[in-house]
C-alpha cells in the first residue's frame, strides 16, 4: 500500500520491529519516542510536501519503470530537468525543516546502484539489474524510505579491508548459501536508519581483487534478524528528549538526521536482494556515483538551512534594534552570498548532468565535489556570521524553566526583551533556533556527510585534466608542443 | 560584407579611422601598432574560432530576427541553452587566449538594450525596438564588434549626475536637433574600444527624473567626428610595445582587453540610432540587465584563465622536479576547486535563466552577482597560489636580452634550468606567463570589471528576499506568524 | 584569611549565601551542585597553580600596595614584565583546564578601575582611589575572586541608556542616601559570577552627561541583599548535570566559564565601596581600559585551548592510523599557526605596554583589539579544522550508557576501535573532548566575550592614525604636503 | 672611513667596480643608472635615517665588540630591547621608502654567522669566530652594506646538492689552496647585491656529510674577480628606467630591493674570510638562525608598506568623495587589522627572544615563522583590498605623456578629477602609487622572500611540541598517562 502522507509514513513505521538502542535502553516506537520523533517528523515532511499543490511538480515524478506517479525520492533521474528539480526540492525541504530530512541517502544509493548494475550485467552477463528493478518498483509503488548504507568503521585507517586484524571492520559476506548470503560487520553514521523501511548496503570504497567478500550490494528490511541499531548522541539531545519546547530551538524537527550504527551479526540476505557479488572492479563505480549524487545535494539542502539562519538573524536584528547597522547588513549579505554560491554548484552539476549507459542521469562529478567541498567551508562561515549577529546571549540564556518560573520569570522577561513591539519570547526562541543550528552536531554533519573534505580534494585533483590545462599554458607561452 | 575570419576582422579595422592616443602619440593602425596588436589578435580569436568545426556549435547561433547563422556574440539569447553555450564559449576563449577577448561587453549591451526597448515601447508607445533591431541586424549580418559603453567618470562620487559641478562627468545630451542628438562626456575603461566598429552607449546608473538628459541609449561608429580615445597603460606594457617575445609572457595576446577612455566632444547621433531618450524610469532596467549578463560571464572567461594558470604551475612543477610534493598537489587542487566554483555560478545563473517580456533570456540575477563577486576573491587567491607554486624566480628573472647575451647567456641558461629533460627556455617562458597573468592590471580587471564588489553586494542583499527567509525561521522556532 | 589552595577557595564559597537559580530551581551549594562544580574546579585551578613551584613565578606577584606576595589575579600591573607573565599564566591555565577559568574579568576590572580612579581624583579632587585601594588590599590579602560586571541588557540597541523605555536596561542609581547608593538593573553574561566573592560594577559604555545616574563604579559582595543570579544554559549541559564521565568530554572542567544574569533589585552599596559617581567623562576611559586588558587576554587563554585541541586531534590521528597523512599534518600545522598568531598579539600588546598616570601599566590598545578580533575568526577556523580531522564519529557516537551496556557494549567497543595498541575508550574520550571544545557555547564565547567583533573594528579604525599614514603615501607619491 | 650619510654611501659605491649586467648591457655606475638608482636611494635611507635625532635611538646601537656607536644594521643583538628596536626601525623605514631597503639580509646573515661560529669553535676547536669578528669590526667601523647570500639555484628540486647532474647548482668549494679556497656556483634573488660592499656567503640548506664541499661560509668584496651579477627584471621596470615621474608610482624608490643573480666562476677567498669549512653538522644551525631572523623582519617592514597603502587608499577615497562610505571604512579597518596582526608577531618573536651560547640574541623561532607565514597571506589580502578601494582606474589610466599632451591633456585632467578641492594630479599619483605597490614583483617578494610558505609550515609543525599538547588533551579527557 502506498504511503501518501506523513501520517501514512508514521503508521508504516509502527508496523516494523527494528532493534534500536539509545542511551543504554531500547527504543520501542520511533514515532513516539522523544529521541527519534523529531527526526521522524522531518522525514515525514518528504511525504507530506507532495500533497501540496505548489510543490507537487518538484516532489513527484513519473517512474520510467512503471509510468506511475511516484515520489521523486524513489525516482531514477531521467534527464537534466530531473536533476534540477531534485535540487529545488531539497532546498525547499531544508527551508521547511531546518534540518536533514534523511531521504537523499537512499535516493542517491538507488540511483548509483541502478546504473552500476546495468554495467555489471553488460560485462559479466549477470542479472543484477533485473533483481534490483524488481525491488525498486516495490519501493516506488509503496513509497518506502531506504537508508543507503555505505560507511564502514574502517578500524586502522592505514590498512585496507582485507588487511584489518578484525575482518568485521568492513561489512563482508561470511557465507554464500544456496538461498542467499550471510553478512557481518557494521555501517556507521546511518542517517535516518531507525525510521527507514529498507537498507541498501553498498561497499564503502573502491576495492581490489583481494577484497571479493567485501564487494557486494544488497537490500534488506530494517528489522531483519541479526540487525542491531544504536542511535547516536547529538548536541543538546536532552532538550529534545525532555521535550523542551523553547530551549530545543526547533521544537518540531531534529538537529540533523538522527544517525545510528547498524550492526550486522550474521544477517541473511536472499539472492533476489543481492545486486553485486564480488565484482570488485565495479566497487569504484558505485562509490563514485553515490558520492557524486550525494555531494551534489549538499548545496541544495544546506542552502535551505542557511536561508533559515539568514532569516533568523535578520529577525533577531529587528528585535534588537540593530537591523539598520551597516555591518549587520553586510554580514547578512555575506550569508546570502555564501549560500547562493553553494546552491550554484548544485544547480550547475545538475545542468551539466550526462546520461550513463543505463539511461540514468549522473551529475557532473567535478562540480558535485566542488559543491560539497565548499559546504565544508561555507556552512561554518555562515554559522560564524550568525553567531556574530546573534550576540553573546545565545551562550548564556537562562532556561525556559527560568523564563516561566514564578519568582524570577519576570527578570528573564525584563532583561531579554528587545524593541518594544515584539514579545520577548520571540527573541528567546530565535536565539535558541540559532543556537541549535550553529553548534556541534549540525556543523560536523556538514563537514563529513557525503565524505570528508579530503575525499573531495582527491576527486577534484583527479578530474582536473591537468594535461589539457598544460597544453593551454604551453600554447600561450610560445612553447612548442613536443612529443610526450 | 560579413566578417568571417580573424583576417577579415583585421582588414575591417583597417577601413576605420578612429582618433586614438597612447603614450602622448597617435595610433594610426591598431592592427599593426604593437600596443594594440595583441588585443586585436585576442578579439580576432572570437572570429576565427567559429571556423573550427569542433567549436562551431558554441560560436555560432541562428538569428531569431533573420534566421541567418550568426556569431553568438551578436545573438539575442533565446533560451537556457543559449545562455549555457555562451558560458562554454567564453571559457574556451579564455583557455585559448589567456586574456580578455573583449566582445562580451557589446554582446551584453545588445541583450540588455534589446529587452529594455521592448518594455519602453510597451509603456510609452515609442518605437525604439524597431530602430534597435534594424541596427542589430546589420551588426549580425556584418558580424561587427560593438563596445558596450557604460561607465562614466562620475567626478565626485558623493554626488549624482545632475549635481556635478562639471556636467560632463556623465555623458549627456547637450542638444536635441531635428535629425538627432548631440552628446558630450566620456566613458572610461572601455574594453576593446579601439578595435571595435561601433559603440553602444548606455546610462551608467539608475537615474531619477532630474537626469533626463543623462538617460539615453544610442549607437555610433567608432570613428564618428568628435570622438577621441586615449588608450590606457597596463602592467609591463613596454615589454609588449617593444615586441619582446619571452619577457612579455604571452607573446600573442595582451594582458587584459586593452582599455581606453572614449571622450565625446559634441558628437552627433541621428535619431535612427537613438534607443532611449529621457525615459529615466528604464535606466535601472538596462543597467541591471547589462550588469547581470556581464557578471555572469566572469565565471566563464576567468575560469578559462585559471585553467591556463593551473596548467602553467603544473608544468613548472614538473620542470622544477617538485610535482610530486603533497603541498604542490594540494595547491593545484585548490586552484582547480576555486575556478570550478566560479564556473558553477556561470552555469547556474544560465540554467536558472528566464525569459523577459521581449522573449530574450535573462540570467538569474542573484547567481550572476554571486558569480562575479566570487571572482573578486577567488581570482586573487588563485593568483596567489600560482605565485606560491611558481617560486621567487618570477620576480627576479634576468631579461631575455641577458638570456641571449653572448657574455652571460650561458649563466642564465645554467642557473635557471630545472630537470634535465626540459629546455631552460620552457621554464623561463612559463615563469613569464605566470608573471603576466598574476600581476597588476590582470587582477585589477577581475576586481572592477562588470562592477566593483560593493555593487554586487548591494544586489545580493536586495534580491535576498529576507521576508521569506524570516518566515522560515519563525515557523521553525515556533513563533506565530502575526500580522506584520 | 587568605585563600591559598583550591580547597581553601571551595571552603570560602561555602561561607557565602548567594541567591542563584538554574533550570527553574535554586542552587544551594555551588561547590557541589553538578551544574556549577566544574566551573568552580576551573576557578580553583587559579588558586592551586600558585602552589606548584614551576608556576609560582607566573602565578604570584608582589603587591605594590603592601609588598605582600599575592595572586597575580589581584595584582596591578607594574611593568611590561607583569603583562607578559600574565599572558603566560593565562595560556598555561588554558592548557590545564581547557576552558575559561573566570578570574580575568575581575583582574581586568581591578586594573581598569585603579588607574581611572587616579585620574578622576586628579581632575575632580575626589578620593575614589583611596576607597578603591582599601578594598583592593582586602581582595589581595584574602585572595578573593571578583567578577567584573560590565555588560548591561541594553534593550533597544538603537537607543542609549537614558532613552530606554525601561530605565533598568542599564544599571543605574535609583537613590543617593547619606550612607550610600541604591542601584537597580542587571548585568548579563557574568562569567564566574556564581562562584565569586565580590562584584565590581562598571558602566557598560561611554556616556554623556544625560546619563549621570548610569555612570558609576562600585563593589559589592556577591550575596548582598537584592541580588539574584540566574545561571545560563550551555551546550550539552545535561551531560554535565548528570555527571556523565565520558560523554561530557572534559569530566573535570566546564565548557566555558559558567555565565549568569545578575539582577539588582534596589541593592544598597555603602559610599566606601563607590569608586565613581556621575563622572560621565571618565566612563569612556574605564570601559576602554577594561576592554583593552580583556581583549589582550584572549590570545593567551584561547591559544591554551587550541593547544589542547591540537593535541587532541594529533592523538586521535594516531589512534585512527592516519597520523602520517600529509593533509593531516598540514591541518595540524595550520592549527598551530593560527593559535601562535593569536598568542603573538597577546605578547605584543604586552611588550608594547605603557604606564598610565597612576603607574599601572596598560597594554597597547591597537594590538589588544587586533588580538581579540583574530580570536573571533581563528578560534572558529581551528575548531573547523579539528572537526575535519576528528571525523564524523563525533556527531554520531553512541552514549557511554551504550558503551557500558551488557547487550550492545561489545558492538560499540568493536566498531569504534582504531589501531590495535590503543584502548577504544581513548578514542571515544578524545572524540568527546573535541566535541565539547568545538561546538556551541564554547565558540560563542570566543566571538562575544570581551566585546563583539564590531566593537574591535571601531577601535582599530579609530586608533589607525590615518592622517599619519596619508602623509607617508603622499610623500612617496611625490605629492606636496599642502596646508591641512 | 665610516659612512655616515646617504651621500657618503653613494660615494662609497662609486669606489667599487662590480661587474653587473642588465637587459643585455653592463651597468657602469649603480648610483646613477636609472635601473639601480632608486634601489640605491632606498638603501641610502638606512644611512641617512641615523642622522635624524628622533630616529637615532632606533638606527644606532653600541657595538659589544668595540663600544663604538654603530649602525644597528651591523649590530649583534644583545638583548630583547635590541630585537624590538630593530622591528620599529624596519617599520619606520618601510613607511619612509614604501619598499625594500635591503640591509636586513646582511644584518641577519651577520647575526646568524656570529652565533654559529661560536658554537662550531666550541665543538671543533676552530677559530672561525675570531676571523669573523675581525671582519665584522671592519663592517661596523666603516658601516658597510653586506648582502647575505643564501639561495642557490637548486636545479632539480627532487635532488640534493651532491646529487645534481651539474655540481654548480649549489655554490661549492672547487679547490682548497694554502692561502684560501676557490668557489663556483651562483646565488639567486640577491637583494641589494649590486649596491652592497661585501657578500656573506652561507649554505642554502641543512646538509649531510656527503656535501662537505657545499658546507662553508665566507665573505668577499662585491667586485672580487670572477663575480658576475645579472640584475633582474621587475614589474614596470621601463617606467623606472625611462625616469617617468608619475607613472612609476614611487618616483624616488624602487618596487622591491633590486634583485640580482650572483655567479661565482672560480672565485678565490682567502682563509681569513672563511668562517665555516665542511662542518656540515652546523649548516642547519646557520640556515635556521638566518631564516628566523629574516622571517621576523617581514612583519615589520611589510607593515610599514601596508601603512603606506592604507594611507594611499584613505587619501584616494577623500579625493573621490567616497571616504564616508561604510564599506570603505570597513575595508580600511581590515587593512589596518591585518598589518597590525603582522606587526604583532614581529614584536612578539622579539619579546620572546633568548640568548644563544655566544650571547647574541635570537628571536623566538615559532613566532618568527608564524610572522612570515602570515605575510604570505595578508600582504596579498591587503593589496586586494587596496585594489578594491582604488577602483578600476589604476588598470586603465592614460600615461603621464597623455596627461601633459597638448591636444588631449585637458581630457585626461577633466575626466580623472575627483572632488573639487584636490588637484587631479594627486588622484593620478596616488593611483600610480597603489598600482606600483600592489602588482607583480612587490607581491612575489612577500611570498618568497625569507623562504616560501612551505618552509615556514615545516618549521611550525616541527616546533609545535605535539607530545606536550597531547598530554594536555589526555589529561583533560580523563585518559591515564601510560608509558610511552
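Chains: A, B, C and D, in written order; residue numbering restarts at 1 for each.
The working rule: a residue touches a chain if its C-beta (ideal position, glycine included) is under 8 Å from a C-beta of that chain, and two chains touch if they have at least 3 such contacts.
Since we're looking at a predicted model, the values are computed, not measured.
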### Query
Counting a repeat as over half of the contact pairs in common, which of B-D, A-D or A-B repeats A-C?
B-D
### Task
Look at all chain centres (mean of CA atoms) and spot the one farthest from the centre of chain B.
C
## Note on the structure
Of B-C and C-D, the pair with more C-beta contacts is C-D
## Note on the structure
Taking each chain's centre as the mean of its CA atoms, chain C sits from chain D at a distance in Å of 40
### Summary
When centres are defined as mean Cα positions, the distance from chain B to chain C in whole Å is 51
## Note on the structure
CA centroids of chain B and chain D: separation to the nearest Å works out as 38
### Task
Would you mind listing the residues of chain D that make contact with two or more other chains?
327, 330, 457
### Message
Residue numbers of chain A touching chain C in their complex, please.
### Response
21-25, 151, 153, 155-159, 165-166, 168-169, 186, 188-189, 228, 230-236, 238-239, 247, 256, 259-261, 263, 320-322, 324-325, 327, 376-377, 380, 384, 387-388, 390-399, 401-402, 404-405, 407-408, 411-412, 414-420, 435, 438-441, 443-445, 447-449, 452-454, 457
#### Entry: chain D residues within the chain C interface of the complex
84, 95-98, 245-246, 249-253, 307-312, 314-315, 329-330, 332-333, 336-337, 340-341, 343-352, 366-367, 370-371, 373-374, 425-426, 429-430, 432-433, 457, 460-461, 464, 466, 468-479
### chain B - residues contacting chain C, complex
326-327, 330
